[in-house]
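Presented below is the structure to which this report refers.
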Amino acid sequence: MTMLGDRQQLAYIASQAADARVNVELETEGMTLNIGPQHPATHGTLRIIARLDGEQVVWAEPSAGYMHRGYEKLTEVRTFPQVTALVNRIDWLGSFANEVPFILAAEKLMGVEAPDRAQHIRTILFELSRIANVSLFLGDLGVQLGAITPVFFAFRDREYVLNLIEGATGGRFHPNFDRIGGLKDDLPAGFIDETRVVMKKLRTFCDQIEDLLFGNEIFQSRTRGIGVIPKDVALSYGLSGANLRASGVDWDLRRDQDIPMAWNKTDFKVITHPDGDSFARCWVRLQEVRESTKIVDQLLDTIPAGPVMAKVPKIIKVPEGEAWVSTENPLGEMGYYVVSQGDQGPFRVKIRSASFNNISIVPWLLKGVYVPDIITILASLYFILGDIDR
Amino acid sequence: MRETELARILEALGANVVDSLLKPNDDMWIRVTAESWRATAETLKTLGFTYFGYVSAIDWLPSPFGKSEDDASGPSGDRDSTIKQGYTGGDTRFQVIARLVQPFTTIGINIKVDVDDAVMAVDSWSSVFAGANWHERETHEMFGIGFNGHPDLRNMYLPTDFEGHPMRKDFPLLARIVKPWPGIVDVEPLPGDDEEEGEAS
Amino acid sequence: MAKPKVPGMFKGLGVTFATLLATAKNGADTVQYPHEKETPPIRARGVIALHEDNCTSCMLCARSCPDWCIYIEGHKELAPPRRAGGAPRKVNKLDRFDIDYALCMYCGICVEVCPFDALFWSPEYEYSEPRIADLLHDKAKLGEWMQTVPEAPELEAGAEKKGKK
Amino acid sequence: MNAVLFASDLPYWLQSIFRVLGGLVAVLLPAGTVVYLFLFKMLSFMQSRLGPMEAGPYGSFQLFAEVGKWLQKEDIVPANAQPEARIFKMAPLIVLASTFLLVVVVPFGPDALFTDFETGIFYALAVSSISVLGILIAGWASANKYSLLGGLRAAGQLVAYELPMVLAVIGVVIQAGTMNLQQIVVAQNTGSMFGWDGIGNPYVLTQFVAFIIFMISVQAELSQTPFDMPIAESELVSGYMTEYSGFRFLIFFIGEFATAGVFAMIASILFLGGWGVPFAWFGWTTIDSVDNWMNFAGPLILFAKMMALVFFIMWIRFSSPRLREDQLQRFAWKVLIPISLVNIMVTAVLKVAF
């Protein structure tokens, strides 16, 4: 990890000042550019209204809402199993990871805990969906910066992980495998050995992406020193996940929080980076995929035998109360505030998704940035549209 | 660990805290008075709660359209509409809820405040926590709760000319009314006693 | 041996060239779909099959489906008594059992909630239709899917021995 | 071709028809093979997939299928581009015209060439900058903010990279002593390296720095990936080509790969000895003593060298991200031009010394 030398920072500021002086002289009225809902660089339908002066952004404002499906209103008229099926469509790339905090909140209200084996399998599938989500990010990062080949490597190796998830849960993207009190079913035979083979493939994928992209001088010149987020600004905007760790905040919910999952039985490194620029965010995510493969390997060795479903009545009426559970999702901290009044369905569910906060920093971040850097910064923040709009 | 933290918070906030609740190894809730809403944010920030979680609201009125299984388009006369608040009580229909976390000890705190039905407005946190800007815009358009001192309270998701506040419980969910629910029948009793006369759909 | 400190650009070129040779040597990772077909895993949720005689039209699946895409109509009639002298039994006869796959989101709640094991998952996935209305599979079509329902897979070591469907 | 044509003293109009057909073949054949071999097959193999396999054996007719598809597509002109619809429609033709003008001066064999200009390379470089006009017109006439951005970026970039290209070529011209491409080829194949004329004197060895600069500038002239700001598909959707559809987009597409082929031909003439193999192998001394069969082998040798160079261009294009336009401008002005000036000085000094 290289410290972003203050010489580099001074050079960056000097170049910005130089451009500013030039702009003042030839006072041209700016152009408003709609990086519209229909655009290759926004993962889904995000629209960014940017006022340009030449190629430089004077003011930018994302306008979300094109994918708003009204989840919180829907949860008020759904029963708990129906909400689990609904909720894994928020962050559709790492969708098993959406169900887990909601089910844990319901279990906390019920006072039930999933048996040990179910917790292990949940954590394995959680890490598998993180690998599927972030490996696509690594490929997509290349496309945003112009390299065509990384995205094909990403899709090819992510396919193995999706086949694993489909083999175990039945659905590649929307597993719907979690139930209050445990899991719907146990793992199919041969799952453990297959997963070990896939984990090795994923590690070679990470090395390939590191050689192909991260080592490339052009990539480094495009991402180092771009979109620098200091630590306190990140905290006050509520950034989470790799974006926060890339600004130097050593905070990972998997390690720091005691929720009934199997993370505390594995040891893994929490990777931070002092610079807080686009390169740091991408680099932290690359290392996290490697850590996830190690976590899955450790969990595979220590799976206990036993049931996967606790003693839970067939028709579940969750007792009255309120619960908040948040986990370290691939995109950041995703939490559910579930209020229940003793019916089959929740009374109110507040879904705190990671990308909503991650993108709220964009107006502050995009001031005085070139047009191609808008795309780099958005790519490094890594949001999913369903996560923003819910 | 949380007990000492809660004690420190209560002593720092003093009179503003109306009610507080600590569930062992679970979470902490406090409810503050509406006037001290922004002051609470500032003091909590100094106490180390620098990570901004979210700001949202809860509408405690039970839905006049009945629960998930009932028939939404039917009469809503007999459904009880008594308002029952959750943890740390409260006496108004709307409550704004926020969550802050200490990054290094991951101790989180949920802060609630009653929104007076007549005023329907609370101070804005966007000057204390920059992230609150978007959350307050969303809460405003969904619940109709104003935030004084917010830079631009435009609609976050809904089109600018959208009337009504969808997340309120009395806002109808049209899908349920437009398409009759296929299960609206005198439901067959559970298969245990099949002799009992039940008129099928 | 420590990788030689080659400037980043050439390492990238090396990776693409190595993939070029690898694909030329042992074939691509892609499946040429119409010619070779990848068999979906046993538990894949492709289509729902209906075992008609188990169904007593108790409407549990229609009620718990989030998308309301199951339409059931049945009527009551007298069936011959089980025992010789017993009174004739009133039985629910199923007239219409349609699943609208244009609306279905494959969540599997209906299959799970059915108390009579009348609904099963089958990994069949090639039933796309040019007209969206044809996605409304009626009782007969759902019956046909029954042949494609596989046996439940045996479970990983250390699992409780109760292979649900 | 000249000798063949003159010998049978065909009427002039028939000769020009042959020349036109020869020009079409000389431009479209390399473009077709480059597209099929590199864009369809090599790119897919580098991404562990097989590429088009359905149209013809191993997807060989894919290009004809694509051409057919584009030809039957509707040729849309955007509404607010109506006032200058003529200019909008003309832009791709200008880009393709510059390619055809370029191929006129390329020698394929001792007699197989279209015209033998004394100032061949000077003409080629002048003509290759016409495509900048076509791209700028396309960007402006499409009346769409993204293509405007793409057009302006293209203007800045192509102009910036013509300078190092010209300066690199000057190094070769100094060493060859002539601007006539035919003479440059002869000079490379008859010369000798330190007395040993086993492989002639290809300028890629003595002018290696100029070769690298020339190849980088060609990469930028074609707006290929390290320099593909004008067609940055992840930002500007596809830059100045966004509003084009139907056979106009086909002209842009063919133009892009035909220019790649023709530039590679010029590069192989300047640096790899063009159509000839070292004359010493066959005991030839001057151009007139070269046997007649060289008129048929020459184009094939030139084609092979061209394919080798295009392989490198495409290889870099498929495995590197994109430079921001202020970075690529800084790279051109502050790095490439000074080095090419130094190279000219060194070549001049050495030319005088020997």
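Brief remarks follow.
Chains here go by letter, A, B, C and D, matching the order in which they are written, and residues are numbered from 1 within each.
Going forward, a contact is a pair of C-beta atoms (placed from the backbone, for glycine too) under 8 Å apart; a residue touches a chain by one contact, two chains touch by 3 or more.
According to UniProt, the chain labels map to these proteins: C = Unannotated protein.
Not measured: the values here are computed from a predicted model.
In this assembly, the chain whose C-alpha centre lies farthest from chain C is D. Two chain pairs, A-D and A-B, are weighed by contacting C-beta pairs, with A-B ahead.
Between chain A and chain D, the centres computed from C-alpha atoms are 44 Å apart. In terms of their C-alpha centroids, the spacing between chain A and chain B amounts to 25 Å. Distance between chain centres (mean CA atoms), chain A to chain C: 29 Å.
Taking each chain's centre as the average of its CA atoms, chain B and chain C sit 38 Å apart.
Of all residues in chain C, those touching 2 or more other chains are 9, 12, 15-16, 19, 29-30, listed in ascending order. Counting partner chains per residue, chain D shows two or more touched chains at residues 46-49, 318-320.
Across the assembly, chain A contributes 78-79, 82, 147, 149, 153, 156, 212-213, 216, 218-219 as residues in contact with two or more other chains.
Partner chain C is touched in their complex by these residues of chain A: 78-79, 81-82, 85-86, 117, 147, 149, 153, 156, 159, 163, 166-171, 174, 176, 184-192, 208, 211-220, 303-308. Chain contact summary for the complex, chain C toward chain D: residues 9, 12-13, 15-17, 19-20, 22-24, 28-30, 32. The residues of chain A lying in touch with chain D in their complex are 31, 33-34, 39-41, 55, 142-149, 152-153, 156, 212-213, 216, 218-219, 221-222, 370-375. Those residues of chain A that touch chain B in the shared complex are 64-65, 68, 70, 72-74, 76-79, 82, 108, 232-233, 235-238, 249, 251, 253, 256-258, 320-324, 335, 337, 339, 341, 343-345, 348, 350, 352, 356-357, 360-361, 364, 389. The residues of chain C lying in touch with chain A in their complex are 7-9, 11-12, 14-16, 19, 29-30, 40-45, 64, 66, 105-109, 112-113, 121, 153-160, 163-164.
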